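Notes follow once the structure below has been shown.
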Amino acid sequence: MAGGPLDVDVTVPGRVRAAFSAQPGEVVAVLGPNGAGKSTLLHAVAGLHGPVGDIRVGDQRWDGAARTTRALRVRDRRIGLAFQGQLLFPHLSALENVAFGPRRRGASRAAARRLAARWLDRFEIGDLAHRRPHELSGGQAQRVALARALAVEPEVLLLDEPFAGLDVGVALGLRRVLAQHLRDFSGVTLLVTHDALDAATLADRVLVLDRGVIAQYGTTAEVSAQPLTEHVARLAGLNVVQETPTRFVAFSPSVVTVALAEPTDSPRLRWHGVVSTVTRHGSALRIAVATDEGLDLLADLTPEAVAELEIADGAPVWLAVKATAVRRYSPPPGAAVSPPR
Amino acid sequence: SSEEGAGAEAGEKELTVLAAASLTETFTALGEEFEKTHDGVDVTFAFDSSATLAAQAVEGAPADVLATADLRTMDDAVAGGAIDGDPQTFATNVMTLVVPADNPAGISSFADLDKPGVDYVLCVETAPCGVVGAALIADGGITADPASLEVDVKAVLAKVASGEADAGLVYVTDATAAGADVVSIEIPGAETQLLEYPIGVLEQTGDDDLAAEFIELVLSDEGRRVLADAGFGAP
Amino acid sequence: MLVLPAVLAVAFLVVPLVALVAGTPWEDFWDRLRTEAVRDALALSAITSLATVGLCVLIGTPLSWVLARVVFPGRALVRALVVVPLVLPPVVAGVALVAALGRTGLIGSWLDESFGYRIPYTTAAVIIAHTFVALPFYVLAVEGVLRSNGARWDDVAATLGAGRWTTFRRVTLPLALPGLIAGCALAWARSLGEFGATITFAGNYPGTTQTLPSLIYSELQGDVEVARTISMVLLLASVLVLAGLRDRWLRVP
Amino acid sequence: MLVLPAVLAVAFLVVPLVALVAGTPWEDFWDRLRTEAVRDALALSAITSLATVGLCVLIGTPLSWVLARVVFPGRALVRALVVVPLVLPPVVAGVALVAALGRTGLIGSWLDESFGYRIPYTTAAVIIAHTFVALPFYVLAVEGVLRSNGARWDDVAATLGAGRWTTFRRVTLPLALPGLIAGCALAWARSLGEFGATITFAGNYPGTTQTLPSLIYSELQGDVEVARTISMVLLLASVLVLAGLRDRWLRVP
Amino acid sequence: MAGGPLDVDVTVPGRVRAAFSAQPGEVVAVLGPNGAGKSTLLHAVAGLHGPVGDIRVGDQRWDGAARTTRALRVRDRRIGLAFQGQLLFPHLSALENVAFGPRRRGASRAAARRLAARWLDRFEIGDLAHRRPHELSGGQAQRVALARALAVEPEVLLLDEPFAGLDVGVALGLRRVLAQHLRDFSGVTLLVTHDALDAATLADRVLVLDRGVIAQYGTTAEVSAQPLTEHVARLAGLNVVQETPTRFVAFSPSVVTVALAEPTDSPRLRWHGVVSTVTRHGSALRIAVATDEGLDLLADLTPEAVAELEIADGAPVWLAVKATAVRRYSPPPGAAVSPPR
């Protein structure tokens, strides 16, 4: 039952086309803006889109592009899929929802219920075990859905925004439980998230989807240091500018200087734009600027500087960065590059 | 055989008779009579339209005797090989005009059917009573169309008895059975269109003798009397 | 586990039909049908069965909705009463209609005296009889779907300012469409095959009240071959219509 | 907008029943019923209608599921064929059954020759006839609900390792329960009121094949009062059973 | 149509009991852990729980506890309710979903569709207008749901986790759009969220629910400076300890010192516990410690300090805070106080 490496090369026409591999035990964070195809990718691996290409788990072939190999049926793939939007069975209690999978995988009735109860306890909703889904709050239902996916002891774990709708305290606790579970888990995990923290704390690798194709795939450190899409740059808290089709510049908002007049010392990297928002960021204030070139850049300033410059929404400003403060890099050869906007 | 029939008990004999619906009262009475004179015999009837019964007989319905309300359906049964020997005619019937007890259309003679606003009903021509009825209407020179062509004579009677129709053509036996619900008006020349009732032993009977004995009873004076009381004519 | 009994069920339903088709005298098929009686009956059956479906949709849909959504005392009783015409043998249903709407009936006598209007022996009577026997089928089927769909979307519509009627028309109905179509098919089929109540209440006169089944029944007493041939027409018509129901209408996105 | 037509529909269905009840001779109600024929017919009707519902659930549910969920070529045609018995006048349905299962029928002759078993004129024949006419109702109603529920939950169950059969039993069925109940009510009611096909295929023998409606039909030829009285029994029985359907079973959480 | 002040005093048995008022134009952030009753409160105001108590909007009475006043029907309350879990009409396109409300409120067909198209454009999903909900991704559907709630021009806006499932870029943009819309909106807005940023950037006041009752209600600044529940403390990024039933201590994780041995200078505030997680927090590392007393406290350390102390999950540590670095406060009299955990 120990899951082997996962090899995927799938196409869901018009929605996603992706090829990648992951080693046993690895957690792959799947990042990307709304509609990038993250959920579609997970469903495709689960078999819910029918035969979609090549999927191999260890030496087991789940799907084969060749006409000769028949795709493994959904029910025969050992997956744990936590759906975005939960999809709990409305006629079953929370406990029965979680016990459903283990029962189908051969556990006795009593054993399945015991297992389910343990998972619910771990997620701090043991006292709601007898409730039907429509009697649960959004966050409670989300936890049941996550428990249901984890309880089946799958070979591949597919978690679609597992912490959506959870309150901070619970999310923190669940991240801990999940991290612990994933450490012991021998299969591959695909974890869709919109939260940089999840990627940083839980994932070994990051797969970035953009408009249906893989924009970047690498270790968490690589991707967060050298993001190739604006979306990941935002998640990593960096500004990323594409200089040439194969050349990117990344820099932290804290190294950006803001001025009302055009900088005279003419650093090569400078932009004119309009302030779109000012928000708190730790002890600093973070201002977002929409540049004339159509870029969205961030700069961190002290509250005093903001007051002094009289920066407010709609104010025109100049941004500049010293050449020494930026990191220049190229995408690895062969990577499907989708330029930031 | 008759043992396949309804709930035969050990040691008891059973006689099953398929009979036209218009024979319901008379045959039930005759059946009781038969049971009295034949110890341990249980007579069961299945009453239905003659066509249905004839078809069932051909299909091998477990029964011993078939009695229909016209010759054509009996001919069908004979042609289907369902009848053992030759059927015999045991009764005749003639048609009469009936109107509801309160006679809302004020009908006093057969010719009144032509009065405007009179809703009268007949049997449909595929039914035995319809053929006769249509002939009588034609003979009587009635030109008004009927309001409805009922599928059997009981339906005609029901329509008249409930006041849904102002008049209808039924058999004398039906008018007799309906008692005070309807008033009969004689049809001129009705006796020229006699309806004959044949009876015969079924091929699949398990007891030829018993079946023959029942037919004997129907044809006997006793049988004649019961039939005559209900309005049937002699063969 | 599932396909086997399904095949059994299909066989059970289809074999008698095949036998019926096989037993039909096909040589003179068209000759037997080329009579005025058949033409009239066919036209009348088409008209009355469609009118029946229309009536069922018109009054049956609201009734199903009330039974499924509105809580009122005695709902279970009303639901039961509404379904009773279903269990009455058609002839008894006809008798009931006569008792209510016949010339001497509860309402019929009043209609006759006040307006000089008599229902029996008219095409309207046929439609009434058909609706009486078909409506319960429609209501039961549609109520079943409405219930299994739940009232969640109704709530959503209310928060957006939709009244009962709009919610019903724009939300409840479209979501219950597959069940509605099933209900229509039931009602249509029931109406197309009905003759017991029709003959009893409306009579059997070519052109005004003789529908195909009435004609078949009449012919069964006489020429069985003709009856079988006309039955084939019914059978073919219904297969064509029902097979024409596109999958699209039977599904909610 | 909705309550008015609903009330109209109820009135339309209930007034004839009231008229029927009003026209029933209540004085000798019990006397008329205290005959062996009535007792036998009542028992037979109860047994056969329940058996019919059982058979419908057993083979009709899988069939509905196949029609609603499995895509196969000719599905629309099968769906249409399955519904045809619905439009056949009961007598023609009986003729079809005779053609298939009668002594000289397609399958009946083979059964007779091979096993010496004859179906017609037995209680089994009654149940077969009832199922033949009731099954299409059941299938249509249940298919409607299955379709309007969609296959989403089936997918979820598959991701959890559930096979077709388990999914069907544990997920699809419970979610379609209200429709299933409606289907059962339809089939039961249709069976309880059936007599055309029964008489043609199974005959009309007291004790073995004479059900309540057959008895009513017979009595209509003879004593109309008795026929009406027995009709009341049918009516009351069905109202009691249907009113007893608890709201709980008609709802999915 | 200008919404007046909102006065609420409602009880949904077993789920929520809350009384509060809000001024026209105010945005009230509704915070609280999962299952606290946030969604229930919104649904109760919308009328979905039937008559639940007293609800007044301006001089219009939506619900009255007294038997004599009949509750206004749901459809007659001018609300814009964005459901948690979207609940888009499955048979209508995105555009039709959004146009549904305006149409019911009397707009012509064409006008309603124009309005809907404008909202979808504003939410950057104008090109998906013709899609049915099942053809949308989770985040796209969420945006349609939000647009549907805003398009009705309500008197009271009820938004249940409006940014759930949105990617960072979109969430940022939507927050901007929403902020702009709310500035012009003359009614009361109740905004359920699990994100401190929403409360900080969008809300004037914060209502904290805990186990069905109001734990705190005040301006955003008040509540984030003096949180009375652990949940809000977490959101505000503070540690909060309840010293006595009516006395709280709040302090930032950055003022907490960490040691392996028991502090000798004996500051009054010190705890012994076990490290449960270590996560990145800006340039610092944030460690979470579960104390022996059952508290969950946070401390920010430099990476060097963490390396030097050899801190890892499960390590036993001492935490200490100087008395001068904490803020002590009492809940205002009359506030329903629910102690942290």
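Per-chain residue numbering starts at 1, and chain names A, B, C, D and E are given in the order in which the chains are listed.
Just so it is clear, contacts are C-beta pairs under 8 Å (C-beta built on N, C-alpha and C of every residue); 3 or more make two chains touch, one makes a residue touch a chain.
Quantities reported herein were computed from a predicted structural model and do not represent experimental measurements.
Which chains are in contact with both subunit B and subunit E?
Chains that touch both subunit B and subunit E, as defined above, are C.
Between subunit C and subunit E, tell me the centre distance in angstrom, where each centre is the average of that chain's C-alpha atoms.
Inter-chain centre distance comes to 55 Å.
Cα centroid separation between subunit B and subunit D, in whole Å?
Once rounded, the distance between the two centres reads 32 Å.
So which stretches of subunit B touch two or more other chains?
Touching at least two other chains: 52, 55, 158.
Of all the residues in subunit C, which ones touch at least 2 other chains?
Residues 175, 217, 220, 252 of subunit C touch two or more partner chains.
Multi-chain contacts in subunit E: which residues touch at least two other chains?
Touching at least two other chains: none.
Please list each pair of chains that are touching.
Touch list across chains, by label: A-D, A-E, B-C, B-D, C-D, C-E.
Can you name the residues of subunit C that touch subunit D in the complex?
By the definition above, subunit C touches subunit D via 1-6, 8-10, 12-20, 22-23, 58-63, 65-66, 70, 75-93, 95-97, 99-101, 105-107, 131-132, 135-137, 139-141, 143-145, 147-150, 164-165, 168, 175-183, 185-186, 189-190, 192-196, 213, 216-217, 220, 227-228, 231, 234-235, 237-247, 250-252.
Under the stated contact criterion, what part of subunit D meets subunit B in this complex?
Contacts found on subunit D: 98, 102-104, 118, 120-121, 199-200, 203-208, 218, 220-222, 224.
Give the list of subunit A residues in touch with subunit E in this complex.
Touch residues, subunit A against subunit E: 32-36, 38-40, 84-86, 136-140, 143, 160-161, 164-172, 175-176, 179, 194, 196-197, 200-201, 230-231, 234-235, 276-277, 279-280, 282, 288, 296.
Hey, which residues of subunit E end up touching subunit C in the complex?
46-48, 73-76, 78-79, 81, 83, 87, 89-91, 100-101, 104-105, 132-134, 148, 152
Applying the document's contact rule, which stretches of subunit C touch subunit E when the two form their complex?
Checking each residue of subunit C against subunit E gives 152-153, 155-163, 166, 170-171, 174-175, 252-253.
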